[in-house]
Structures are given as structure tokens and as C-alpha cells.
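Note that chain A is present in both complexes that follow, paired respectively with chain B and with chain C.
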Partner chain A sequence: MALAEAVLATLILIATFGLLIARQVRGAINCYAAQSILLGGLAIAMFAGSRLPHLLALGLLTIGIKGIAIPAVVRFQVRGSTYQRREIAYYVGFPTALLLGAGLSLVGLVAASRLPFHPYLLSEPVLGLAIAVILLGLFTTMARRDAVLQLAGLLAAENGVLLVGLVVSPELGLLIEFALVLDVVIGVAVMGFLIARMHETVASTDTSELTRLRG
Partner chain B sequence: MLAAAIGQCVAVATVLLLAPLLKGIIDNLKAKVQSRRGPSPLQPYFDLRKLFRKERSASGDASWVFRIAPYVAFAAPIAFAMLIPVLTAAPLSWAFMADMVGSGFVIGIGGYFTNLAAMDSASPYGGLGASRSRLVSSLAEPTLILIFFAIGFISGGTVPFVANNILYTTSALISPSHALIAVAFFMVVLAEAGRLPIDNPTTSQELSMIEGSRLFEYSGPDQALMEWGGWMKLFVLLIVWLNVLIAPDGLATQLTVSAFAIAIASLAVKMLCAALLIVGVESALAKIRILRVPEYLGGTFVLSFLAVVLYSLGR
Partner chain C sequence: MTDTILLVAVVAFPLLAAIVSLVCPDRYQIALALVFQVVTFGLAVTLIARVLQVGHIDALAHWLYLDSLSSVVMLVVAIVSVLATVYSAGYLRHELLERVIKADELRKYFVLFHLFVFAMLLVTISGNLGLLWTAISATTLASAPLVDFYGSHEPLEAAWKYIVLTVAGSLLALLGLLLLYQSGVGPLGNSYDFSIPVLAGAASHLSPTLAATAFLLVLVGFGTKAGLAPMHTWLPDAHSQAPSPICAMLSGAELNCAMLGIFRVYTLTAPAAGAATLRTGLLVFGLVSMIVAVVFLISQRNFKRLLAYSSVEQMGLISVGVGLGTPLALIGALLLMVTHGFTKCLMFFATGNLLLRFRTTTIPEIQGVVRAMPWTALLLVGGALAIAGAPPFGVFISEFSIISGAFAGHLWVLGAVIAALLLLGFIPLVAPFHRMTFSNAETGGEVAQAELSAVTLLPALALLGAVLVIGVWIPGPLDQLLHHAAAVLTR
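Now for the complex of A and B:
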């Protein structure tokens, strides 16, 4: 495995940690954008090593759609009070989240080391990092009360799934990966509209406020 | 033997002479980023000359600790520079005096005496700065120890020169655990050297200072030694980051003049890149609240912890 792949995979994990401990909606969206751009960079670095053309396409698609378009759409939809708010609502405090995140990463790394696995383009540690990214993303959706942060966590977990895909089967056809990327776009659109409507109805994106909707 | 001693002296002289330049370049580039013209990169040398010409003054209540602290703070990074691969890949005469933990003590004793002196002068800001810098250092300690463990794991030795050789010659350089260590160590260097986001080195507000408030009571040559020591501390910590962890290329393998010239030039290029990185970080980030410092350093601890786990799983 080349230097670039190892560094990029590591930075993806660090960006996910950044999302987990982000205190502002703005910071969380930036972390997600950074994570996606790094993931796209990883795919392009793998293309440079293997000359599989669809990896280049996948990398460019990931950077364009997940790194630039989706963050822009989410920023547009949550503009105003949510975006500018300094501190977000949470269920799990930041130091606790950091420690639990370390534990979850540990689970991911140990799980990957136990899996039967034949390194192809990326080595086994990256599989561990990828599983850690999925767990951290899902943990973010649980730990934060803000709907935008939950969306960012879900998208980060989805990036982790794509990273697992890159490790396990980098030869997966472009068509399938394109379908996955499009799926994410539709998902973001739907969730973005839900967040916008929620903001209209309860004047907040804090999901705990939704209990007020009981008739 | 003589050649090794001369090489050692050249390495120390490099640290002594280039450390103020690094500070000057960082200040100049930061000003450029903020659309100001900024001070000349040579400004720290002018500052040193000015301070060495002034007379020293000390509080009548200050003890001997206050008087010797500048010399300790100045000597600690110099002693540290003898233990790390500044210019040569092969260990020089005094390289085996201490391993990484020992060299951590050597660099730590400068900060220790600075803190004692800050409290000794009984200035309220000195006490504040000393207490805060202890908070930062004590939280950085677990991370540093874990990084030493991880490097020891990977390279099979804790002497910086050995680690440098092993990392350079094996594929350990390109594993994710190595990358995690590199990121964590850089974050710790920023915290230990009093840079943003932990401490703002250019602030003029006493209440938000960490490093700066410890030097308030010093004047003249004492202040010059203190500041020079601080710049050298950043310089030698960055050398460890660059030459041991990131880019061991360019180090002299033989004790010849041409090899040393190449080593100094490559160190200058690497330092310029590090300066650009620091300027980028300091221009992008604001200083974080003192109560969030544990989170920042906790983050470095988590990264180095994952590095150790990742490496031990991979074996």
C-alpha cells in the first residue's frame, strides 16, 4: 500500500472524529465535506496505483457530489438560525463522545483484524478504519439531538460503507457505485426537505422538540 | 571522533541560528495572510540584539530560581538538539545519553524552571500562566508517552536516531498507525510550543496568555534567553516531527562538508513547509477556550491510542 492511501485513510478517520466532536452545524458540515473529499482523493490515489478507470470516475463523483454539492445543498437548506447557532443540542457530551468514539474505533479495528480478508489494493488496517468510520457516523446520529448533525452522521457512515467497498471489492462496477451515489443525493434531498419543514413547524432542528407534535 | 564532535557542534549551531529565523518567517507569513506587510523575517535577530544590549532588572524578592531559569530554558533545547537527528542520520557522540523519554525530560526541565520562575516573581499573571501551562503539559504527557510507545513498537528502539533509521529503511513509514502518530505528534507540538489553537503567541491580553505571561518579569538578556529558548523549543520539536516521523530524507549519512550542506539545505526546506503548515493552521483556527484544551489533547491521546492498537493488531 502506498503512502498516499495510508495517509488519506487515516485523515478520513480523523475527519469523522471531527464530525463527532463538532460543536457547530457549520463545523459538522465542513467535516463531512472534508471526509468526502479525502475519500474521493483515496479513490483517485487507488486509480493512480491500479489504473482501474472507474476508480477515477468514482473519485471525481465523490468529490463533486459528496464533497461539494451535498454540503452546499445542506448549507442552503439549514441557512439562517440553525447554521449560525454556536452550540448544538446533544445527548452525549463532547469528552464522553470522544472516549466512546475511541472505544467504537477499537471495536472496528479489532473486528477487521478478525475477518478473513485478502488484501487487494488497500491493506487490512484500512478495513478497520472503514468499519470505525461507519460506527462513528452511526454514533453521531445517536449522540446529537440536532437533525442536521444526525443527517451528517448518517452520510459519514455511508462514506464508511463506500470505503469498505473500496477495500473489499475495488473492482465493483461503476454502474452500481453510480447508483449508490445517486441514492445518497435523493436521500439528502428528502432529509433536507424534512429538516426544512421541521424547522418551519417547530422553529428548531432539535429532534427532541418533535415530542411537541403529539396531538 | 573529532569529526563527530564537530558535526554535533554544527547541529547545535544550526538550531541556535535558524530558530529565530523560523519564528520570523512564521510571523511574516501570518501577516501576509492577513493582508499586512508584516515584520521582516529577520526581526527576531534584531529583537535579540536589542534585548542583549539592555540591562537586566529583577524583583528584590526574587530568589535564585528566577536568576537561573533563563539559562536552563535556553540550555534545555540545546541539550535536546544533541539527542535528536538534526543533520545526521547516524548517531553522533552524545546521542546515546538519553532515549525519547529521557529527551522528553530534558526538554521538560526548561518549561519546569520557567514555571517556577514565573511563580517566584509573585506576579499574578506569572502564576496564571504557570498553572495553565502545567494543565497543557500534564494533558499532553499521556499522548507523548503513547507516541513513544508506538514508535518503540514500530522501530524496536526508543533512541531517536535508531527510530529514524528504522522508519526510514522499512515500510513502517507508510502504515496508517504511523500517519496517526504523525498527526497526534504535530497537534502536541502546537500545544507544547504555545501555538494556536491552544495559546495565541501574538496576543496582548494578559488574561488569555499561557506562554507569554510567564516571561513578564524578565527584561534585557534574561528575556532574550527566555524567548530564544522558546523559539528553539518549537524548532527542535518540529525537527523531531520532520526528521524522525515524516520526512527523514536529506540527512547526512557521512561526516563530510558537502553532506552537511545538503542536510542543512533540506532541513531549511522542510522547516519552510512546516512553517507554511503552521501559518495555515493559525490562520484558519481561533484559540480555543482553556476548558476545551482537555478535549483537544484528549483527541491527540485517542489518535495515538488508536495508532498503538492498529500497529499491535497488524502484527
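Now for the complex of A and C:
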């Protein structure tokens, strides 16, 4: 079972990398959906090993809300030209983004190995993968110019935080899940509203159009 | 039991106000807001009085918790919110008359306004750290659409930057809180109540490395929300694009809520991680914020951005005050949370009047305010002197206490650096308001020679009176509250 969990955690990191390198908005949303479904799967795998019932609830909630509902809402919000558009705009170059992403993953793994960690249901390397997911998600938000991809980066980083919650304590994971679900649902609503407003105002979701406020 | 009901009621009322506001006809929105916010204010004051009597209130299995530290923030949130409601009544009526907004937009404004107040008050009464994080995040989600209220290009840009950066900060803070939980697994077991009283009871037994890392992440995460440099870049945009009453709440009240999150985790992690280590973090971020703010204050041509950078400076100073850790500096920092909150609120009300009359935020485009709006001119000059730290206003006493605290702790160089930064920021803050008020040139025939209305003046005059009174005499209950809160920070 530990092997299955380690494989799932690694796949979550790979899905986050997919988000970083995705060339289209559609691809990025799919990567986020895959990351969320894998995370839900990990919680269910932990339930299978521990029989803690809230892990099952957490897994199903994650798959339902983050893996299916939120990607569907975001797809609906950005339907049309943006959804299909090839999006290669980074604030840094693509190779640099890849290199920095790899570096951040290493930082996550090394940082976790330095922390005095009490293993519970998941092992220390999973903590490293989780911190790497957070850093990659935040980096995607900072490196991408498209608002939808920035939002996807934040949502991916939130999944990383939830993974840390699962490592630290499954009981706490439930509390954090409720907090995050609330945050994600309202956050997606607010950010979705702002993305729709961007469409109206600058006829694009490219945040490099939003540079009037300076100084 | 009564205390529990009061704690629940103080957040239930603004939440109920938001729900009622959603279905209330447009013409009753303002009256409804006034009724609900006055009741909420009354409940908050009653709770603070109870905390002064009993020390702290702990309810619903530690989910709700109010002590003197959070009461200081509750006091500011309650006063700023009720006065912002009154000011909104005058401000929005004027915008309706001028057709800047439509009547049906009042509903959106007040629903979000009440939710914003609800979230800020929830921050002050959160006993569970997961709830505290949720409440701080909720303040962003409720206020971001208010930043974008006018719906043009610049407010949209400000709102987007605000939400992306502060949500990213919130995630780092949550990671910090998770590590804080992990730091308590040794003494408290794998599954424990993640609340302030429980963690405080085991604070000296937490894992030092994890506790220090947790605090650093929370400092960066909630520090982003509090406007500490270098994570402050959203603040001048958001605080300059929102409607003026919302700017007053963002600068006067919301920043304090984020600081409360930082200080709460500081009190829990300091015994294990070492107060000196954590205070270094507060000092570094505080001083960097003050330096960055002074640089941008000097080159500012927009009066709302000028006030926003002043908030970055003052949040930096509050952080420095707690970072110094001496009793005088702590009292000064806590008093500054109150006096800065009141004074910045007053300044956004006064500049809101300017904006309504002159329809610009560009400093060189406004002249002769003393002739056009004599009461607003009084507020502008008095408020500018107060916020810049001139005696005899409350901000001066707060800043003087912090600098004295540094000298009392034999930190001579640090005290001198703080004083120098405050002096450097003084003229850039006062001069623009002096120029707009007293320069002789006329502004053009279309500007009427009259104040807007009493409703747009009275809340600001009340605040000017309050910061003047605090400057010469701190009322007994406030003094007691500040001393108790300082004791919480050093426990």
C-alpha cells in the first residue's frame, strides 16, 4: 500500500509539471483535474489502509469538487477562443520555466528532509513531493501571463497544501479540506467573475494587458 | 453561556445583514446597513468590556476565543466598520446623484460590505487556527469584488493582483499552520485540537525547528495580506481603486486582521522556537517595509496611493514594535494598530470627499480645498499631520513609545533608524495635503463652493477627535486593554 501511495504522490507531482508546461488552457485545466483526481485517489488508498472513514469522505469530496466540478466550471467560464488557444506566454522563457520548476521540486524534497517529521500514515518523501507541488503551483501562477493559468496554478498549489495536510494528520486533513473547499469554491467564483470581467474589459485573459497601475 | 451567545451574535448579525441585504429593496439598503452595523458595533463593545472583566472568552470547544489581543483588533474593526457604514450612506448617495453608480448596485455593495465585516470579526473571535485561516482568506474573497466595484480597467487590474497575491500568501500561511500542527504532534499526539488554548498550553514543548519554520511561513503568508514589503505590491493598487469607504476598511481594519494572525502564531511558537529568533524576522520585514514605503511616498502623485504606502510604512512599524519586544515598544505597536486604523480611516473619508468633489486622485490637479470645502480641509490637514506622526495626535504617542522602547532596550542604532525613517516620511505625507488645501489657484468654475453633506463629515470628525484625545490622554479601559494585550504577546 505504501508503494501505491508513493506512486500516486509522484503522479501528482508529474501532473503539476504538466500544468507548468501545458501549451493550451485546455491542457492546463485537464492537468489540474488529473492532479485532483489523483489526490482524491491517494486519500481513498489511505482509507483502504487505515479504515479512517473521513479519509474516504475526503477522497470522494476531492474527486467530486476539485476533479470534476471546478474544472467543469472553469471550462465553462473560458469556453470559446481562450479554451482552444495556444498559450505559450510566460513571464520567463519556456526552458527557464522548466529549469526553475525542476529546481523548485528539488528544493521541496530537500526542505522536507530537513524537517523533524513524525511519520503517521504517509512517509517523509511524500511531504517533500507535497512541498514541491506547492512551489510548482505558485511558480506557475507567477510565471504564466494568462489569468486562467494563474488560477490553475493557485488551485494546484492548494492541492499541494491538502497533500501536506494528509501527511501531517489525516484528522486535520479533513478540517483543512473543508477550509480549502470553501476557499476554492468561493475563490473560483470570485476569480471566475474577474476573468469574465477581463474578457469584457480587455477582450482577453492575458494579464500583461493589466499594467496601468504603477508607482 | 451569555458570552457564547454574544460571540456568535457578533458574527451572526453582519452575516444576517448580508442575507437580508440580498433580498432587500434598493431604497432600504442604507437604512438596513446602518441598523445592522450599529447593533454589531454594540455587541462588539459589550464583548470587549467582558474581556476586560474576565480576561478571555473561550467558547464552543475552543472554536471561538476572544482575549485582549484580539479585542484590540475587534475594537478597530467595529469602530471603522460602523463609521464606514455611516460614511457610505453619504458617499453612495452622492455617487447616485452624480450617476457614477446605479441604484441596483447598492445591493452588491452592501451584501459584500456586510460579508467583509463578518469575515473580519470572525478573524478576531477564531479560536481554532483552521478557522482563523479561513476567516482571513474570507476577508480577501469578500473585499476583492469591492475593489472592482467601479468595473473599469484599473479596478479590475487592482482586484486581480489583490486576489492572486493574497491567495498565494494564504497558501503559504496554511502550509505554516500545518507545520505548526506537526510541531505539536510530539507533546499532544497525532490527533489533537488545533486551537489557541490547546497549543498555548503545550507551547514550550513544540518542536523548535518546525515552530520556527511555521512562524516564518505565516509571517510571509499573512504578511502578504498585511502589506509587508516586499510582498506589498498589491496594496497600493487595491487601496487606491476601491470606493473610499472600502479603502478605509481595507487600510484601517483589514490589515490589522492579518497582523493579528501573525501575532497569534508568534505567541504560540515563541516559547519553543525562541522569541529572539522570531523577533528578528518581524524586525527585518518591518524595517524593509518602512524603507520601501518611504521611497514610494517621496515620489507619489496620487493621494490614495500616498495613503496606501503610508499603510505599508505603519504596518512595518507595528511589526518592528512587536519585533523589539520591550514593554514600551509592544504597547506602542498595539496602540499604533488602533491609532493608525482610526487615522487612516479618517484620511480615506476626507480624501473621499475630495474625490467626490474634484473627480481626480492626482495631487497637482487639486488646489484651494480650504475655500471649496473648509471642513474637509480641516480634516485633510489635521489627518495628514496625525498620520505623519505629528504631536499631539495618537499616532505620535504610538511611534514615540516604539522608539522609546528601542532605546529602553539599548537598541540605540535601531531606534535612530526608525526615527530617521519616520522623519523622512513626514514631509512627503504632509506636504501634498497642505498644498492641495492652501494653494491659492482656483480649480475651475464648475467646482461648487460647498461641503457635500454632514454625513460625509461627521464620521471623519469623530475620528479626528478620537485620535486627538488618545494623543493627550488614553482612556482607562483602552489603556487596560493594551496592557493586557501586551502581556499576551510576552507570555
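Here are some notes:
In the analysis below, the second predicted complex is superposed on the first by the 204 of 215 C-alpha atoms of A that agree within 3 Å, B and C clash if a C-alpha of one lies under 4 Å from a C-alpha of the other, contacts with A are read in each partner's own complex, and residues count from 1 in each chain.
Throughout what follows, contacts are C-beta pairs under 8 Å (C-beta built on N, C-alpha and C of every residue); 3 or more make two chains touch, one makes a residue touch a chain.
Remember, it's a predicted structure, so these values are computed and weren't measured experimentally.
Once chain A is used to superpose the two complexes, chain B occupies space next to chain C without a clash.
By the touch criterion defined above, A:203 reaches neither chain B nor chain C. In the superposed pair of complexes, A:158 makes contact with chain C only, with no contact to chain B. In the superposition on chain A, A:10 makes contact with chain B only, while chain C stays out of contact range.
Superposition on the shared chain A places chain B and chain C such that, viewed from the Cα centre of chain A, they span 160 degrees in steps of 10. Using the contact criterion defined above for the overlaid structures, shared-chain residue A:106 touches chain B, although it does not reach chain C. By the document's definition of touching, of the two partners only chain C reaches A:147; chain B does not. Legend: residue contacts after superposition of the two complexes on their common chain; A:169 is shown touching chain C, with no touch to chain B. In the superposed model, C is the one of chain B and chain C that contacts more residues of chain A.
Chain B and chain C never share a C-alpha pair closer than 18 Å once the two structures are laid over each other. Per the touch definition, chain C reaches chain A in the complex via residues 128, 130-131, 133-134, 137-138, 141, 144-145, 148, 151-154, 156-161, 163-164, 167-168, 170-172, 174-175, 178-179, 181-182, 185-186, 190-191, 194, 207, 209-210, 213, 236-237, 240-241, 296, 299-302, 305. Chain A contributes residues 1-3, 6-7, 9-11, 13-14, 17, 21, 94-95, 98-99, 101-102, 105-106, 109-110, 113, 123-126, 128-129, 132 to its touches with chain B in the complex.
The residues of chain B lying in touch with chain A in their complex are 173-180, 183, 294-295, 298-299, 302-303, 305-306, 309-310, 313-314. Within the complex formed with chain C, the residues of chain A that make contact are 114-118, 120, 131, 134, 137-138, 141-142, 147, 150, 154, 157-158, 161, 164-165, 168-169, 171-172, 175-176, 179-180, 182-183, 186-187, 190-191, 193-194, 197-198, 201-202, 207, 210-213, 215.
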